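Below is the structure I would like to discuss, written out as structure tokens.
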Amino acid sequence: MRILVTNCNTTRSMTEEIVRGAEAAAAPGTAITGLTPGWGPESAEGWLDSYLSAAAVLDTLRGYDGPYDAVVMAGFGEHGREGARELLDTPVVDITEAAAHLACLLGRRYGVITTLDRTRDQIEDSLRTAGVDRNCAAVVSAGLGVLDLRDERRTTEAFLTAAARARDAGAEVLVLGCAGMTGLQRTVGERLGMPVVDGVGAAVKLAESLITLGLTTSRTGGYARPLPKRRSWASPG
Amino acid sequence: MRILVTNCNTTRSMTEEIVRGAEAAAAPGTAITGLTPGWGPESAEGWLDSYLSAAAVLDTLRGYDGPYDAVVMAGFGEHGREGARELLDTPVVDITEAAAHLACLLGRRYGVITTLDRTRDQIEDSLRTAGVDRNCAAVVSAGLGVLDLRDERRTTEAFLTAAARARDAGAEVLVLGCAGMTGLQRTVGERLGMPVVDGVGAAVKLAESLITLGLTTSRTGGYARPLPKRRSWASPG
Amino acid sequence: MRILVTNCNTTRSMTEEIVRGAEAAAAPGTAITGLTPGWGPESAEGWLDSYLSAAAVLDTLRGYDGPYDAVVMAGFGEHGREGARELLDTPVVDITEAAAHLACLLGRRYGVITTLDRTRDQIEDSLRTAGVDRNCAAVVSAGLGVLDLRDERRTTEAFLTAAARARDAGAEVLVLGCAGMTGLQRTVGERLGMPVVDGVGAAVKLAESLITLGLTTSRTGGYARPLPKRRSWASPG
Amino acid sequence: MRILVTNCNTTRSMTEEIVRGAEAAAAPGTAITGLTPGWGPESAEGWLDSYLSAAAVLDTLRGYDGPYDAVVMAGFGEHGREGARELLDTPVVDITEAAAHLACLLGRRYGVITTLDRTRDQIEDSLRTAGVDRNCAAVVSAGLGVLDLRDERRTTEAFLTAAARARDAGAEVLVLGCAGMTGLQRTVGERLGMPVVDGVGAAVKLAESLITLGLTTSRTGGYARPLPKRRSWASPG
Amino acid sequence: MRILVTNCNTTRSMTEEIVRGAEAAAAPGTAITGLTPGWGPESAEGWLDSYLSAAAVLDTLRGYDGPYDAVVMAGFGEHGREGARELLDTPVVDITEAAAHLACLLGRRYGVITTLDRTRDQIEDSLRTAGVDRNCAAVVSAGLGVLDLRDERRTTEAFLTAAARARDAGAEVLVLGCAGMTGLQRTVGERLGMPVVDGVGAAVKLAESLITLGLTTSRTGGYARPLPKRRSWASPG
Amino acid sequence: MRILVTNCNTTRSMTEEIVRGAEAAAAPGTAITGLTPGWGPESAEGWLDSYLSAAAVLDTLRGYDGPYDAVVMAGFGEHGREGARELLDTPVVDITEAAAHLACLLGRRYGVITTLDRTRDQIEDSLRTAGVDRNCAAVVSAGLGVLDLRDERRTTEAFLTAAARARDAGAEVLVLGCAGMTGLQRTVGERLGMPVVDGVGAAVKLAESLITLGLTTSRTGGYARPLPKRRSWASPG
């Protein structure tokens, strides 16, 4: 199986980290290919970044011509998922929904630990439209920007503090709310005594599951193929 | 007062039509300026178009340097609204929410008549995140593409058929679910014996209201100013 | 344009204050007329007062024979709105819903600062039936009775304390939850660094908007004209 | 036990009918006293009537000085319930909520058969604020005015037609949606093969239950005693 | 009237206590018969116990051949209620829903005080499927196991502490969240100044009400009689 | 990996069919072991069967002493899932939730095609507590009992008829609502032009995913290990 993994920002080192997380979760026969958008924000932290990222990721996907069996979109809470489902014939799995789907199997309520407060509404919206918000107890921010996550020790401490708030709000399972947190599930899971779900790994497993079962996006409703028309993807300036 | 009105697609004739609708609703001292994105889809009909449109409209807004007091975003159910709120210091009013806000004042339940079935989920999501979905009885499609709306007679008939379905679903007020329908409220309103709200006019009045009251977007939460960082807005290709 | 503004209680000085607030928001050509019910409670603080007020305000409206183009009902969270919509042919805008409609345009979640705890359920019910409760983060009371609001300094302090609680609950925008607070939006808005919406001003702008757009209450559903029958409005005692 | 039953309108013959229904349900030792408001609408059919009725019923209750142990308010979907809870120290049970409470014990979803379409929103609001709307499958109108219910045969036929619609919507239990339908539960119940709950009987049993258990309205929240103040209950005209 | 009351566990002393509580609430002519399952858990505290209890209670009911007019199921938050409605022709009232139904009549929001944290989700689910969760402000645990409730003083203190948390969450009325708490309503009610509802007493009154009104479970939907088939109720081991 | 699959009824041929379905979906290294309860109903169709089945399945699981890495519970809409999570240290995946989780990835709304009308409420409850009901458009019954499913042709026709109703209700993806339908997804999927998800296959893939990611049920909340106590699993009779 061949799975494309799209980073939501232009930072290549983050794509590489995501690919490592994806490979760690993948089945023996699965090949992971990382894609970094050629334009967009260097990190996605807020609405403006998210809409910019969505267009850039979709542009990247429509321009990619290698073979693949499924796409994993590695932007937690970022826009674009539904556009990729329209655009592509393979299954598309977003790490936001993937983490939530698996978290629901592990406890009655889950919490999401995100980077900055400003990303909370997007994440809540994304979980809701994906249909998995019902058992979300809280989205709590660690107070760290995406690019700050490189400092592992500081990230771990901030995560644990936020995790305690999520647990107080009823969470029995935690979700890493940023692709850049991939790997953290091992460190913090043991210290917390709670399952911690990484969206990248979760999405890879769900993508493999859909491929194995021969399932892909329905074309009978809102994800019908895009209508043929003139679309310009590049600023004329 | 100076209000910018952004079309969500690249079709200039549609921008002109929207500007006419906006001017018809504007107060005597209000100047309307229409903006057509320099890139994006020629019409927005679905998720892919909507995400492409969102980035193009935001790019257009960040590049505009004339003075203005508020922005009206004239894409019904299209993405981008929250990004513009982050980006700009003036009030931002989207025609989707604007029509719904006024419709709520006119009856207990309203219905939206949109173009194609495929736009329904986007509209429902947009109403929900705007906080005005509670009294929406139905989003019904007329089965016409955005650019088909130029045929006035066919549009009127399709609208009336869809309106009957919305009324059966409990709607007491109707909303024109596409900026390209502007003007139709007069024709069909009388034939239906129900109030019909045009989002463009509604958004102009709400924008004027906010300007007069000295109100603009809160910066204390999710619409804080975008963080400074590298953002590339154009495909390098 | 001629807008009637009804106070919900019998205290004339409060009607005058409301009229001043309405005039401050009104467009140049708009004339404001204040109406004080000839019976009812001297202030509305709770269910009993609210139901008494509703009948008294409706009685006042049915007895008023001057010309007007819209009605603004200036009782925050009080009953009667739907009855006025049945009774009158002009648009009717209630300050509760009006403030919430504008607040939704300014942030993702708003909070209402009301007078006493006992008014909370009424306000929540009123926002819900108006269709604008979705993004209400909290209704917080300042712990002051309606007639205590005359002490400006004490009111400001109590408001700021309550505002902090609303902000903690997620509010990014505040709403003045009593017609008697009109004017406070200027004082506290700056100190809080958040937009503060006054329902009286908001309702005046929304009423003007509906008049300009030629929109009024739908008669096809629950707001059909009252059936002709015997109704006695006065206690025989 | 002594139970006061308040009619919501000024039609004495309807009060008598309600009293007969209440007596048929009452325990051996329970005395029923019917109260007819001295003012208000001759029948309650819509928002205006309902608000007028609410004030008139509250006025009637505050003026009644005989002894009693509980109050049953016999207006289906009418306003005023919460005001009576503030005003009185005895338990207050409204027939709307009472019928729904018992219906929930008899099937997973219940339907309400009301008189006219225009009463639906009020009934839905009343069920919701009472906390028993969750399992309401539908509120269906029989298309008959309150005073038309005197024609028993026509009422039975209209009820059966509406009942079929409620059943199609998922109702397994029916509720008589007007105090004037009292007695119909016996006639139609057998023909439908479904339980039919009459609110008057239900409210009497619930009132007796609360009296026996020594329970009455909580004073710690929204139903605290009304604040002392000037209230005028009568139009000065 | 003859009411069967089923304990949800195998502890006979608890059945006796429940019977005493039921008798204290019953009308003069009502005879209470307590049933203790011959198998199952000695106390029900969690999902495993609840499912085991449900089968054991249903087995007990199907094997009981004495005459009775209604069944009260005395396991707070335990499963099985809907199965009993399918199995039996008499009304079935569960103490969870019964307490909530009466609590809704006494205040706008109620709170449940349960034994252990682990029972919360079950109780919330049970209230929801019964259709009475809307006005539940909180389910708070006292931190005591079912069999610990025998220590009256400790129980009272733990209850009062939990009650304060429920009140902070908005509860105006409290519900005893375990059949083993029966009797506590008198002790703590006065100290708290709030109504406290015991589910056993509430269920007896509701069962009597349904019997008097001639109402029983609807057979037209999900509670149709069980299909005839082979069912084995006992482990072959 | 070793996955236990529990049938919810005592019919061995159905267990075998389920095992075949599970094996068809399993990864190369996965061993499937089917378990048939030694007691319980021969098919589960309604509340009574479901509660009986839950206890029997839990009894079967607690008595099984072979090694395994995860459990798949193959009763669509049946009770017991949460009890197994308490009881066992391995992940537990129920086919109801599993099918819904994957369906959410394939379209905006899914529909469930079940056997008999009487199972609908159970399925809706199960989806809700699992946290995946939000995007369920409809649960539609095919009007066939569980054991009738052996007639393949009749089942296919009934399924297609029900599928059309689900599609009209907005479903873009279908879910086989009974373990006995396993295999049907291939036949009907092509004829419908829509993805059809089989819960048994879905649950196997999700169980494998959790095993690979090293995730299992959280013990910090409602799924804490059962308290030690006396539990009797067998009717003494």
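In order of appearance the chains are A, B, C, D, E and F, and numbering begins at 1 in each one.
Note that in this section contacts are C-beta pairs under 8 Å (C-beta built on N, C-alpha and C of every residue); 3 or more make two chains touch, one makes a residue touch a chain.
Everything numeric here is computed off the predicted structure, so don't read it as measured data.
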Chains touching both chain B and chain F, listed by label: A
Pair from E-F, D-E or B-C with over half of its contact pairs in common with A-B: E-F
Same-residue or different-residue interface between chain E and chain F, half as cut-off: same
Separation of chain A from chain F, taking each centre as the mean of its C-alpha atoms, in whole Å: 28
Inter-chain centre distance, chain C versus chain F - centres from mean C-alpha coordinates, in Å: 52
In chain C, residues with contacts to at least two other chains: 82, 108, 121, 128-129, 221-223
Going from chain C towards chain D, every chain in order around the ring: C, D, E, F, A, B
Of chain D, residues touching chain E in the complex: 25, 27, 82, 91-93, 97, 101-102, 104-109, 128-135, 167, 170, 172-173, 193-195, 197-198, 201-202, 205-206, 208-210, 212-213, 215-223
Residues of chain D that touch chain C when the two form their complex: 10, 38-43, 45-52, 54-56, 58-59, 63, 79-80, 82-83, 85-87, 117-118, 120-122, 125, 128-129, 145, 221-224, 226-227, 229-237
